[in-house]
Structure formats: structure tokens, C-alpha cells
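You will see two complexes here that share chain A, one where it goes with chain B and one where it goes with chain C.
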Partner chain A sequence: MSTGKRILLYITLTVSGLVMVFPILYAFLISFMQGGELLQGSFWPESFSLVNYAAAFERVPLLMYLWNSLLVSVLIMAGQLILCSLAAFAFVFIEFRGREWIFYLFISTMMIPWEATMVPNFQTVQSLGWLNSYAGLSIPFFAMAFGTFLLRQQFKTIPKELYEASQIAGISKLRFFTGVVLPVAKTTMTTLAIYSFLTAWNMYLWPLLVTNNEANRTVQIGLKQMQTQEIASDWGVVMAGVMIVILPTLILLFAGQKRLQEGLTQGALK
Partner chain B sequence: MRKVELKEITKTYDGKIDVLSSIDVTIEPGEFFVLVGPSGCGKSTMLRMIAGLESITSGELALDGKRANALPPSERDLSMVFQNYALYPHLTVEQNITFGLHVKKISKKEQKVRCEEVCEMLGLTPYMKRKPKELSGGQRQRVALARAVVTEAPLCLMDEPLSNLDAKLRAKMRSEIRQLQRKLGLTMIYVTHDQTEAMTMADRMMILSNGRVQQIGRPLDVYNHPDNLFVASFIGSPPMNLIEAEVSDSMLTADGHWVMPIPNEKKWLLREDKVMLGIRPEHIKLAKESEPGFFVQVANVEVLGTETLVTFDFGEKSQWVAKWSGQYDILPGTKLRITVDNKHYAFFSVKNGKRLDRSPIPAAVKKVSS
Partner chain C sequence: MTMAQEVRASDEKKLRKREWSNFLTGILFLLPSLLLFGVFLFYPMVRTVYLSLFLTSSQGVPIVFVGWDNFFALFQSTSFQLSAKATALFVLYTVPASVLLATALAVLANQKLKGIGLFRTMFSATMGMSVAASSVIWMFLFNPSIGLFNRILAALNIPGIQWLLDPQYALLSVSIATIWMNTGFAFLILLGGLQNIDSSLYESAKIAGVSDACQLRKITLPMLSPTLFFVTTVTLINAFQTFGQIDLLTKGGPMESTNVIVYSIYKDAFINYNVGSASAQAVLLFAAVLIVTVIQFKIGERKVHYQ
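Entry: the complex of A and B
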């Protein structure tokens, strides 16, 4: 690549990067602005004080919300990983009549939008008495067709001979699953874990529907609360809240970036 | 040591086409038994049926005299080496070898002792802490062997274990596996498509084609007395030279003008109109001046050091190969006069490919004893 081309490429990348990061960057700057500063259209805050951050924690029980979100996300992540991997294992390693047919029926549920099933799901959760509970927030998300599909494709790359060798050695199915399949599919499992954690963390509509007390609300609803509590929103405080909320997401993304990339591009090369 | 009996074993997937039909064989304890045949002949299926990885459609499989058709693989007390080795990629060599031993109620200490013994025997000791991807093909192969040996199962099944190795390593491993089998007194069932492996390793071999048994016997018997055209052309490298010949008035005529007298002891040939004539490459000789012979034109010469392969045109369509020991400097295009002692002729039926002559083709096995 010639130098000129390279410079052009870097400029394009930098500009695109700035465009992408601008909303977050601006939110970050606003989180330090006081009262009318934003309405005056200023871009840079007059001073970097943490007043808004303190206010965010005072106005809504943000810590409680963060804890709820964390708990619900981890629950959903764990539930999805366990159920998806077990389902995928059955679809790949256990032979039963109509296996392919059931699998396609299973993944065809990916075409039904979550919102379409919201009403029946709500009624189910309500009749089970799970409103305002962690169970109601997490269990409806445990079964995921996408995760099962992703893991099935990964498990299919595991040579059948490994399974046969363990059959001859007399290793049980469960032991083969935990001792061979899961370690071999580690990368994909991590990808799925990050993906499901982030999706769960960013959930808004469902927690709004099934919770109506502070004890179980998640952080995304807390943000909305902050915005609508008063007639005129104090954007500085709201943005401070936003910063606190996206922090775990960012940490997870940076920590898992390598794995996530590996996972998402897997199969592209082979 | 275990005895394996197959009685009228048949396998079909769709109920119409038999992948294997009426396989009948008894494999004796301590025997090195080779299943050989071209790709798709059903040899791997047969092995997998013995292992219990494939169901048996009909017939009976007996291990040590007990019916074992429905026995799960783990209860058959056997070990298996797969073509792609089937090593667990995330485990070290040591873990790979001991993985699964806990099922057999072997203590951790005993596992370690056994693993070290096996590694010592197969020269794997320096690599015990490595992962399979850090090993060469030959070393991986040894790990797969070690895993089979460590279970101390009396019956070992191998499915083309050497086909991923280069020629030199293959020859080395061939002899290693054979020695190991003798040392441990294993009953071995070994699948290969390579007739050299079958010839060099087997106590007895079974030649399969299209799911049917073509011949079962000791390698030299099979080589010297092939039962049919398939075996004749499959076993031996280069393969047996074959040509169709017409029978008339005590003469054999091949391709219109190659005329050979029918030997007196083979007058029964006169019952046939046409036969397939087969001659092993090593039985074609250069004719001396006093001998009758045929003129042929040399098409290609391969000098291998200890022996020379000479390909020449025989008749209009076919090419024959002669194998002479020693080094010959012959240019393609040269005309040679060749001869074959008629006691080396093998005759096969044109109709069904079966060998017509039941008397053995004389072979020159030289016995050496200390």
C-alpha cells in the first residue's frame, strides 16, 4: 500500500471512529455539565466535577438497580449457556427419530419476534406469580434458538471419532460433554456468554412490564425514571447515570474483545 | 486374547442394498487379522460392528463364544485406534492416555504407572506434557496406540491407522505395531486398503469387495492361490498381468496371435472356450536363445535399485509389467523376447472370475531356520 493510500485510509478510519464514538463522548462530557450549560449549546463542560454522579446515586437507588441488572444478566447468561449447550449436544451427538426435523422447528422460532410472544409470556409469568421477581425477569430468556444454533454448528466440527473413542472407553455422555465438548468449544461458549450477558443487560421492555417496585427493577428502567421524574430533565444527571450503566458493558467488551472476535469470525476461514 | 466369531453377519442401511452380506469368519485368539479391500468395500463398517459403534442387521457376533450383538461398546472389553487418531485436542499426551481409565476403576496411582510404562514402550516419555497439536504425525499416531494399549484390553481394533503417515514412517510403524501386538499377545483386527500392509502384517487376511468376502487366508496363500480375478488383481504390487485367451486344439490364443501350448496336465482347459490367463510379474523372464518366446516392445522402465519394473505392450490393448531383480538398462522402444514357464500360468473363468485351476501356483518360499 502506498503512503498516500495509507494516509487516506487512516483519515477515513479516524473520521468514522469519531462519528461512532461521538454520542458516547458527548454524553460523557454532558455528565459533567451543570444546569443551563447544555441548553447554551456548549460542547466542553466548565469544570469536571462529580456533582452529577453523586446526584445520580441520590435520586434513584442506582446501586440497587445495578445489582439487580447484574444478577439478572448473570442468571440469564448462565441459564442460556447451560440449556443451549445441552440442547446442542443432543442435536449433534444423540441420535433420535426426527432429530433434524425438531432442530429446524426449533430454529424456526428465531423468526418469531420476541415482542410477538410478549403477551402470552406475560400472562404465564403472571399466573406463576413471578411478577416482581428475579425468576420472572430471567427464566423466560433461558431457551434461546440462536445460542443452540451457534453451539450446534460448533459441536458439529468436533470429530465423531472423539465421541466414539469415549464410548469405547466407557465414558458417560455427561462426562464426555463436560470433559471434552465444553473445553473444545470454549471459544464459542465465551462468545455466547458475552453476547447473552450484553443482551440481558440492555433489556428494557420486559423488566418494565414484569416489575413495578424498586426492589427488582433493573438499571435501564432506572435511567428512564431519572429522565421522567421531573418535568424538566436534568440531562447532566441522566448522562452521569448512563455513564455508570455502560461501564460494565465496556469493561466486558474490552476484556472479551479477542474472544468475541475469534468467535464471530470462526468458520469464516475454514 | 479373545476369540471373535462372525456368523452370517449382514449390514444394510436402507433395507435394500447390503453393505456387507453374509460375513462368516472366526478370528482366533492372539491372531493379527487384516481386513483389506478398496474404498467402500465395507471393511470399516465391519470393524465398527465388532466395536459396537454400528448395529448388526442380521447374523451373530460372538466374543469368546458369547453372543455380543447388543452389547454396548464399553462392555466389549476392546480398544480401538481411529484413522484420524481421535485425540482430545485440549488434553496433554498424559491426560489423553489416561482419560477414561477411571471408568475401569483404576486408581490414580496405577493410572500414572501404566501411563509411564506405555510411554516408555512407545518412546513418548519426553512428550507427556505436550498437547496433540504440538506433536508430529508419527508421535500422534503413537499416542493413539498408547491409548489403546494402556487399557490392557485383550482385543484391539485398528481402522487404517497408518494412512495419514508418509511412506517411510508407515513402514516403521508397521513393524512397530506388529512387534507390539506379539509382545502383548493381543488379538488384533486391522483395517487397511493398502495390500502391502496386509501382506506384511497379517497372520491371516480377509479380502473384501462390494461387501462380500473374496478370500480368507494367510498372506502367501492368498498371493500364491488367489481364488478369483479380484484377489489376483488386488493383491500384489505390481498386480498380476491378465489377458483373455481363446482355447482351441490344445492351444491358447491371446489377442489373436499370441499362441501358447496348453500343458499336458491342464488338458481340462479344453472344456472352456475362453479363459482369463494370469501371470505374476516376477514370473516373466527374458527368453534364452533355445527357449520359445514372444517379442514385445518396451513401453516404460522403472529401476528401483534392487529390482526393475519393465512395462511392455502386450497385444493391442493391454500392457503387462515384468519384475526382474537387479538393475537393467533398457531404453523404451527396445524389442525384447520374453518367456513364461507354463507352470506359472493361472487360469480364471471368464464368466464368473473364479479360479479354474485348483492346484497351487508354485511358489518359492525359502525357509530359513537357526
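Entry: the complex of A and C
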């Protein structure tokens, strides 16, 4: 590559990179600004004081919301990992009549938009007494076809002979599953865990439907609450809230970016 | 019974027993997923179809069977026509732009350069952003008095625009924000697709003296087509399912210009308590997603180049 071309490439990359992250960067800077600075239209805060962050925690019970979000996300992540890996194991190693049929059933779940089912789901959760509960926020999302397919792809790389030998040696299927399959699939499990956590943390519509008190509200709904309460007056505080909400997922994304990219591409195309 | 027959019978019995035990364990491993799919996906889908044929009470209890009346009423209501139009326009505005932008960024970031990791991180950043956080940020950018866009317009001596309050601009504004939100995920997948392309293809092209533009057209895009196809489908289906940015930015307004289908379902079911109508719309949403999926599969089978 010629030097001229390289410089041109770097310029294009920098410009498009800055355009893409600009909204996030700008929000970060605003989170340190006071009302007056915003009205003047400054781009750089006068000082990097944490007043707005402290205010964000005071105006809404942000700490409680963060805790709720963390708990719900971890629950969903764990639930999905367990259910998906169990199902994927059956699809790869246990041969039985009707398995193919069940596999098509799993594929068909991907064609049902979740939003089309939200009314009866709300009624179900209501009749189970799960409104405003961690169970209602997490359990409906435990089963996931995409995760199952992703793990199935990974499990398929384990030689079948290994499984047959273990069967002859009288090792139980569950032992083989926990002792051999899961350790081999550690990387893919991690990828799936990152993806699950990201998606769960960022969920919006379902928590909006099934929570109406502060004790169980997640942080995303907390943002909506902040935005509607303080909209005109305190953008600095609102943006501080935004920063607090996106920090965990951004860290997770940057740490797991490469893995996520490989995992998602693999799951998408095979 | 002869000896041989006896042996065969006992073998068969053993085989049967093993088949049976395999069936039981198989089902047992699949049961948690099947149970949840049943309760939270298949049952509510069937129930939605059922409810769409009824007049319902405000609690969502079916009262009178009305057949297709809910659907007929929908097709005749201006509100639903506006919602269908908003959804179609939203898809049109966001899907091609998101895929194009993400593809351009992915091609750009698929270079062996020093520090490329930093740029990849920047391009994928929106994947970590929740719809709520992104919407709040864009709400500020669109703010008529202190937002960035009107400041730029003011600097150019152009009068400001009521981005989210003007029916002419609201859907476009929400779409711009959505394109930005979509890019991270699409970029990440497309970059993965690019990196899976066999590098020897490029080496041969280089030896043959094929130009960069030609390489892009003849190698990169055809080899990337399965990934492009997947990303387009996912973005399209996501567009049909849009809710959060509408709820936070416009609440379906102004004058229902951004009242996309899922927001309309939400409003009918949980604000107007008209569950029958909401269910009919949900059935139509399901049908739309199904048709898109099937069409994409049919086209995909024919046109997309698979390795």
C-alpha cells in the first residue's frame, strides 16, 4: 500500500470513527456541564466535576435500578446458558425419534416476532402473580433458539466416538455433558454469555410492561423516568444517568468485541 | 422358539429399551426450552390469533366472537393506515441505509493497518448502547433550541427545524437515530463475514493486476453476500419490531406520523384497552415478518453465493 493511500485511509477511518462515536462522546461531555454552559452551546465542560452524577443518584433510585438490572441480566444470562446448552447437547448427541421435528420447532420460533405475543404474555405473567418480580422479568426469556444453534455448532466439533466410548464405559450422559462438552465449549459459552447479558441489560419494552413500581424497575426504565421528569431543565444530570447505564455494556462490548464478532458470524451463517 | 430367535428377540428388546431411554433423556434435556417456548411463545401466538377474532373487555377477556371484524375495522381506520404507512416508510428509511453504512464501515475497517482495532471498537460501539440511552442522547441532539442540529443550521443561517414535532420530519429524525443504533451490530457481523473470506483470492487478484474497485465488486461483495443477506433480514425484522425509540422520542406523534406497528399495538392494548384490535394488528405483524422471512429465504436460495 502506498503512503498516500495509507494516509487517505487513516483520514477516512478517523472521520467516520468520530462521526459514529460523536453522540456518545458529546453525551459524556454534557454529563459534566451545568445548565448555563448548555445554553451557551459549549462543547467542552468548564470542569469535570461529578455533581451531575451525584444528582442522578439522588433524583431517582438509580442504585436500586442498577441492582435490578444486574440481577435480571445475570438471571437471563444464566438461564439461557443452561437451557441452550442442554438443548444443544440433545440435538448433537442424543439420537431419538422426533428429534428432527423438534429441531424445526426451534427454527420456527425465530419467525415469531416477540412483540406479536406480548399481550397474552402480559396476561400470563399477571395471572402467575409475576408482575413486578424478577421472575416475570427474566423467565420468559430463558429459552433461545439462536443460542441453541450457536452451541450446537460448537458441540458438533466434539468427535462422536468420544461420546460413544463414554457411553460404553457407562458414564452417564449428564456426566459427559458437564465433564467433557461444557469445558470444550467454554469460548462459545462465553460469547453467548456476553451476548445474553448485553441484550438483557438493554431490554426496554418488556420491563416497561411488567414493572410499575420502583422496587423492581430496571435501569432502562429509570432513564425514561429521568427523561420525562427533568427534560427541559437538567440535561447534564440526564446524560450522567445515560453514562452510568451504558458503562457496563460498553466495557463488556470492548472486552468481548472480537469474540462476539466471531461467535455471531459463526452462529449466523451455518 | 429357537435359540437364534430368542437371542434376536432379546437384542430387539435391548434396542427398544435403549431407544426408549434415549427418547426420554433427549426430551428431558429439551424439556426446559420446550416448556418455555410453549408457554411464552407458541401459546401466546395462538392466543393472539384467537383474541383477534373477538370483541374483548377492557381486561382483555374475550366477550363476543366477531370473526374478521377486527381486521375489517383496521383496514378501514385511518389510524391503522397511517400506522402501516409509517412502518413501511420506517423500514424503507432505515434498512438500506443501515446495511449500506455498516458495509462501508466494515470494508473500511477490514484493512491490515496499525491501530485498526481502535477504529473497529469505535464502529461497533453502538452495539453496546441500549435503545433507551441512545434515544435520550438523540433527543438532545434534536432539541429545537439547544440541540446540535439546529445549532448547525443556525450557524449556516438556516431557520431551525422542529425535528421531532413536525410531522414532516419526525419519522425521518427517528430513522436517522435508528440507523445510528443499528450500525454497531451490523458492522460487527459484516466485519466477521469479511474476515472469513479466503485471503488467497485477493492474492491471486493482486498478481493478476486486478484493481481495488474490481476486487470489491468481483470478490468481496459476492463472497460477502450470505452475511449481507443475513444482516439485511435481521435489520428488516428489527425495523418491524421497533418500539423504544418511538416511545421515548415521539410517542407515535406528531399526528400519528411515527406510530409504527408495535407502538400502535402497545397503545391499543395497554392504553386504550382494546385488546381485540391490538391482537389483530399483532397477527398482521406476525404475517408481515413471516412473509419477509419466506421471501428472503426464497431469493436467498437462488441469488446468494454460498461457499
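Points worth noting:
Convention: the second predicted complex is superposed on the first by the 253 of 270 C-alpha atoms of A that agree within 3 Å, B and C clash if a C-alpha of one lies under 4 Å from a C-alpha of the other, contacts with A are read in each partner's own complex, and residues count from 1 in each chain.
Criterion: a residue touches a chain if its C-beta (ideal position, glycine included) is under 8 Å from a C-beta of that chain, and two chains touch if they have at least 3 such contacts.
Keep in mind the model is a prediction, meaning the values are calculated, not measured.
Applying the stated contact rule after C-alpha superposition, one finds that A:L162 touches chain B and leaves chain C untouched.
When both complexes are overlaid on chain A, the residue A:A215 reaches neither chain B nor chain C. With both structures placed on the common chain, the touch criterion links A:G170 to chain B but leaves chain C unconnected. When the shared chain is aligned, chain C comes close enough to touch A:V245, but chain B does not. When the shared chain is aligned, no partner comes close enough to touch A:V15: not chain B, not chain C. In the superposition on chain A, A:L63 contacts neither chain B nor chain C.
Once chain A of one complex is fitted onto chain A of the other, the partner contacts of A:Q257 are limited to chain C, with no touch recorded for chain B.
When the two complexes are overlaid on their common chain A, residue A:V51 makes contact with neither chain B nor chain C. Comparing chain B with chain C, the partner in contact with more residues of chain A is C. No residue of chain A lies at the contact with chain B in one complex and also at the contact with chain C in the other. Across the complex, chain A is touched by residues 19, 22-23, 25-27, 29-30, 32-37, 39-45, 47-48, 51, 60, 105, 108-109, 111, 113, 116, 118-134, 136-141, 146, 148, 151, 180, 183, 188-189, 191-193, 195-196, 226-227, 230, 237, 240-241, 243-244, 247-248, 262, 265-266, 269-270, 275, 278-279, 282-283, 285-286, 289-290, 293 of chain C. Contact residues on chain A toward chain C in their complex (touch as defined above): 6, 9-10, 12-14, 16-18, 20-21, 23-24, 26-27, 30, 38-39, 41, 82-84, 86-87, 89-90, 94-99, 102, 105-106, 109, 111-124, 139-140, 142-143, 148, 173, 198, 201-202, 204-205, 208-209, 220-221, 223-224, 226-227, 231, 235, 238-239, 241-242, 245-246, 249-250, 252-254, 257, 260-262, 264-266, 268-269. By the touch criterion given at the top, residues 159, 161-162, 164-172, 179-180, 183-184, 186 of chain A touch chain B in their complex. Put simply, chain B touches chain A in their complex at residues 51-53, 72-76, 78-80, 82-84, 86, 88-90, 99-101, 103-104, 147, 151.
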